[in-house]
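Below: one structure, written as structure tokens.
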Amino acid sequence: MITLRGVTKRFTGPDGPLTAVDDVDLHVPRGSVQGIIGFSGAGKSTLIRLINLLERPDSGSVAVDGTDLTTVDDVELRRRRAKIGMIFQHFNLLANLTAAQNVELALRIAGVGKAARAARVAEALAVVDLSDKAGAYPAKLSGGQQQRVAIARALANEPSVLLCDEPTSAVDPRTTVSVLSYLKEVNERLGITIVLVTHEMNVVRAIADDVAVMDGGKVVEHLRLDGSPLRPETEIAQFLIDDRIRLRSLEETHVG
Amino acid sequence: MITLRGVTKRFTGPDGPLTAVDDVDLHVPRGSVQGIIGFSGAGKSTLIRLINLLERPDSGSVAVDGTDLTTVDDVELRRRRAKIGMIFQHFNLLANLTAAQNVELALRIAGVGKAARAARVAEALAVVDLSDKAGAYPAKLSGGQQQRVAIARALANEPSVLLCDEPTSAVDPRTTVSVLSYLKEVNERLGITIVLVTHEMNVVRAIADDVAVMDGGKVVEHLRLDGSPLRPETEIAQFLIDDRIRLRSLEETHVG
Amino acid sequence: MSAERILAALPEMAEALGETGIMLLITVPIAVLSAVPIGVLLWSSGPGGPSPSPRLHQVLNAVVNLVRSFPFLILLIAMIPITRLIVGTSVGTLAVTVPLCVNAVAYLSRFVEQNLLQVSPGVIEAAQAMGASRLRTIWSVLLVEARPGLAGSITIMVVSFISYSAIAGLVGGGGIGDFAIRHGYYRYETGVMVVAVLVMIALVQLVQLAGNLTVRRLDKRL
Amino acid sequence: MSAERILAALPEMAEALGETGIMLLITVPIAVLSAVPIGVLLWSSGPGGPSPSPRLHQVLNAVVNLVRSFPFLILLIAMIPITRLIVGTSVGTLAVTVPLCVNAVAYLSRFVEQNLLQVSPGVIEAAQAMGASRLRTIWSVLLVEARPGLAGSITIMVVSFISYSAIAGLVGGGGIGDFAIRHGYYRYETGVMVVAVLVMIALVQLVQLAGNLTVRRLDKRL
Amino acid sequence: GLAGGAASDERTISIIATDSPPYHDPLEIARDQLEAEGWRLDVRYVTDIVQPNHAVSAGEADFNFFQHGAYLQTFNRDNGTDVVPLFYAVGSPAGVYSTRYDDISQLPDGARIALPVDPANNGRALHLLAGAGRLKLREGAQVVTTSQRDIVDNPHRYSFVEVDQQTLTQTLPDVDAGFLFSRQAIEIGLDVEGAALLREEDLDAVPYRIVVGGRPDEVGSAKARALQAALQSPRVRDFFKQFYGEWAPLPWAEDPQAQLGQWWKDGGR
């Protein structure tokens, strides 16, 4: 269960201050899948990084499983983070570790014993269909393979909350299906709470229970995906929901 | 016009040699848009990197605009490359240059005079809707914004061939439309030849004239997108073309 | 006559090489073991580091600079009481390793700091997100990613120290550099000096080669 | 009495500081300007570099190692004929800058090589894909990305050279390090030495501070 | 050697010495003789000129062999040490030489003169020039502590450059004149007496004789006697004769303690 209340994060941009996340309230019930969509630069990555406090909010509170993380000490924060898996938009793999070692690192950090690790690494790599690349270093992997290592790393730990920042941006439809199926499965079986940033609407449709639409740092709309037809109110949502690409609409959509 | 003949590229994988691109023939007529799809690790990035000789083929020939690039000397290769734009899967921006400076670098390398550069940088950034981030360094940009800088950098040069490796993987639908519209426009107006690797079928549908389907380093099928209904023959192509995500098909699709 | 002198000097040269060996064997491990934590602290307490602490950073910075400000001879002299306390004497090979270590630690700490600055911030964030403790982050992430750079820096330091032993001779520290200077400079036995310098060159080439190979083996980015 | 002696030594100390200034002003620019191309060649000709050339790499590597093998004192003596040829004399501040430069170039070349090894291969590829010439890649991409690291390395070198001038005294080179040793050590004017060392510490802190600020200003990754 | 602990056992003579020919070769000759007599000679060569006195004073070595009497006297006064000159090894005369001029009168105004940088000999060079009336030093300046600061009048506007003893020979061509020890003049092929612009009058000036130093309790000890016998043997004499020529000053019979004491009482100049 995740509850953000009045969370705001400011950066210094090239010309003056910039509010990346602007007074956001968000409640993600335990065991549900929360989608986040929005234009590039809307603040999605910043928002998801606020949940495990990789960015400290300038104001507002961030509660995960009932505890306000902004108030706990370092040790407790670390303990909490060990149960919050994260898939980064830029993968952030260690260049000097093999795929298997990268996954194992997460287990070592979580304090999993040596004996148990090998099996879980193998299992996690199998989920993303990378068993044959266990011994390869990231520089020798294709983009999608790197992303899959990052996914395996986040999954290996059996987290109770999973933060995914565009987890399938670099992978083909088959891998996307495979990853999403697994996410759905652990979500349903183990009750893992998932927050998922993506720009692919079919991904959202496939597993999200609720979608938050972000624009300019604010959550401007919520869409429930309970099977009933979507009726987006904001223009942005309408645009994002429609994933057919109509190039003729250039004049209207091209903002540059 | 791009012609690959019997192109093969091998790497040393974690367990033995690995043929990333396997005896590929590919002909892309001048002014057409060639899509390349395939599963993660199929060899798409390697193939596109073979076209501007970032990877030297182990065998086969690579001809761009009638000249076999594998036979020309360094100076000539550089001259050719200046007319071949490239958008990398990992962006490859210079961390110590601002967005504008990153774009300007491409122009400086192409020998564009100082006076002309500023205008063209501004123009290219406008195309990707990043004018307000001209002065920002990559580390301060969102993932999509970084990708857009990379796109602007490749476009600024007005190349005659454009190699795009998942150019819209990190950007939202609106930016995707905007980028693709621009690509289509320059393709039609200036006759630029485009090779586009992607895993998003709607992107392919929107602008490609022909799609090559890769699997295990080979081009296993070609699909023409001339408006007639697609009839993919290989299973892979059938899977890739269908971009609805059906998680229930997990059992059949999950290969791990 | 020169050839004869060279032959006569060979046993002494072997001894000098042994002394250089001892100096390196004592100094390098101590320097590495001490400089890594100091460099890590310098980096992590610095602005932009993971736990900025201006006070600690300033103090460490000042201490490292302090040591690096001293010409080696003055450091050696100033440390004599401490040296005597630690190894019981102020002259000889063992005695000179004490100031040599202190100097090496300061020198290498800066290298370590510099190498850590090159590690991509993204992987450090990844470790933090996994709930890694500070120590774990340093040990399993930071040092792993900085490993090739560190190996390069240590190589640079070892090479410096091979010729550094020249100064050790001031207090009878011995070593091949001192041997070269005593014979070539004080005794005008140019032949012997040339041989000694050739030995040093061979030694340096060897160290550099080993260092380069290690760096290449550790660096997995290409 | 000590205070009086210190006062009396002040003009000479100022002169020594001036000599250190001259040494640094001559040595550092020359070292930077020569070491950057040498370091670039070392890197680019090396295995994994953009234009591997085992022969060139080995030769450069050997030359750099050669210079670094010499204890500075021997280098200084061995180079006297060359020094005389270049600056017309073998004694004095100017004369000592010649071996100092040679040593600095070798030292810094390695740093440059090491910094270039840290640059992400991706941006170099990007430059190649844009059709950049080798020189352009080096100048506009490689050195731009390595800039913060280079600034750090140059800082380390300058700091080393402040105390290095101690050895310059052997041929009348002067400098603040030499001053400290002559007065404090040989003439037992501990007060004067302490003041001189304090001045050196201040100088080193200043250089390091300026260096750190520069690195931070140049590094845009955070 | 790998030096440990303090002044070794009964039959080992430990000594700290400079590694130049007039020190090194006699010691190696002495080593043979001592070993024949059942002694072990433990030599530690250093290049520094401060620590050897401290080391002997602190009992880390029995003897040292690197300095002349004048330096030792002044060192003791300035550092509160009590190292005693036990016996002489050899005289070490010096002079001012030039590769450009044949006579001191030719030395032009504004000439550049090289001095040894070490205090033991720096003042010595200045006193040579003062003695020849080329400049004036402060009244009562003692040789070892004299430096350029003690020059009160420099009518010929000489400028001085201070270099290491050992580089004096190599740098001589670059200066108008420079201080050299006689042995150095020999080494670079100069006529020791003929080529000198100035020479210490007394070839064998008492304060500049090289002494072997030790703690006061070594005076007359078995080790001291054995070492003296070995360093003043016929073979060592032959070596010095060969090294310096027939004029080699070897005042072996004289008592350095008494002579230097007297010199010191006389004002140490």
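Chains here go by letter, A, B, C, D and E, matching the order in which they are written, and residues are numbered from 1 within each.
Heads up, the rule we're going with is that contacts are C-beta pairs under 8 Å (C-beta built on N, C-alpha and C of every residue); 3 or more make two chains touch, one makes a residue touch a chain.
Owing to the predicted nature of the structure, the values given are computational and were not obtained by experimental measurement.
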{"item": "Shortest contact path, chain A to chain E, counted in steps", "value": "2"}
{"item": "Centroid distance [mean C-alpha coordinates] between chain C and chain A, Å", "value": "45"}
{"item": "Between chain D and chain A, distance of the C-alpha-averaged centres to the nearest whole Å", "value": "48"}
{"item": "Separation of chain B from chain E, taking each centre as the mean of its C-alpha atoms, in whole Å", "value": "80"}
{"item": "Interface hub residues of chain B, defined as touching at least two other chains", "value": "90, 139"}
{"item": "Multi-chain contact residues (two or more partners), chain C", "value": "73, 77, 120-121, 148, 181, 185, 219, 221-222"}
{"item": "Of all residues in chain E, the ones touching two or more other chains", "value": "50"}
{"item": "Touching pairs among all chains present in the structure", "value": "A-B, A-C, B-D, C-D, C-E, D-E"}
{"item": "Chain B - residues contacting chain A, complex", "value": "11, 13-15, 37-42, 44-46, 89-90, 98, 126-136, 140-145, 147-148, 165-166, 169-178, 180-182, 184-185, 199-203, 205-207, 239-240, 242-247, 249-250, 253-256"}
{"item": "Chain C - residues contacting chain D, complex", "value": "46-48, 61-62, 65-66, 68-74, 77, 107, 110-111, 114, 117-118, 120-121, 148-149, 152-153, 156, 159-160, 162-167, 177, 180-181, 184-185, 193, 197, 200-201, 203-205, 208, 212, 215-216, 219, 221-222"}
{"item": "Partner chain D, residues of chain B touching it in the complex", "value": "52, 54, 77-84, 86, 88, 90, 92-97, 105-106, 108-110, 137-139, 157"}
{"item": "For the chain E and chain C complex, residues of the former touching the latter", "value": "1-6, 16, 18-21, 24, 44-48, 50-51, 54-55, 58, 60-61, 166, 187"}
{"item": "Residue numbers on chain C that touch chain E, as the complex places them", "value": "15, 19, 22, 73, 77, 80, 84, 88-95, 169-172, 174, 178, 181-183, 185-188"}
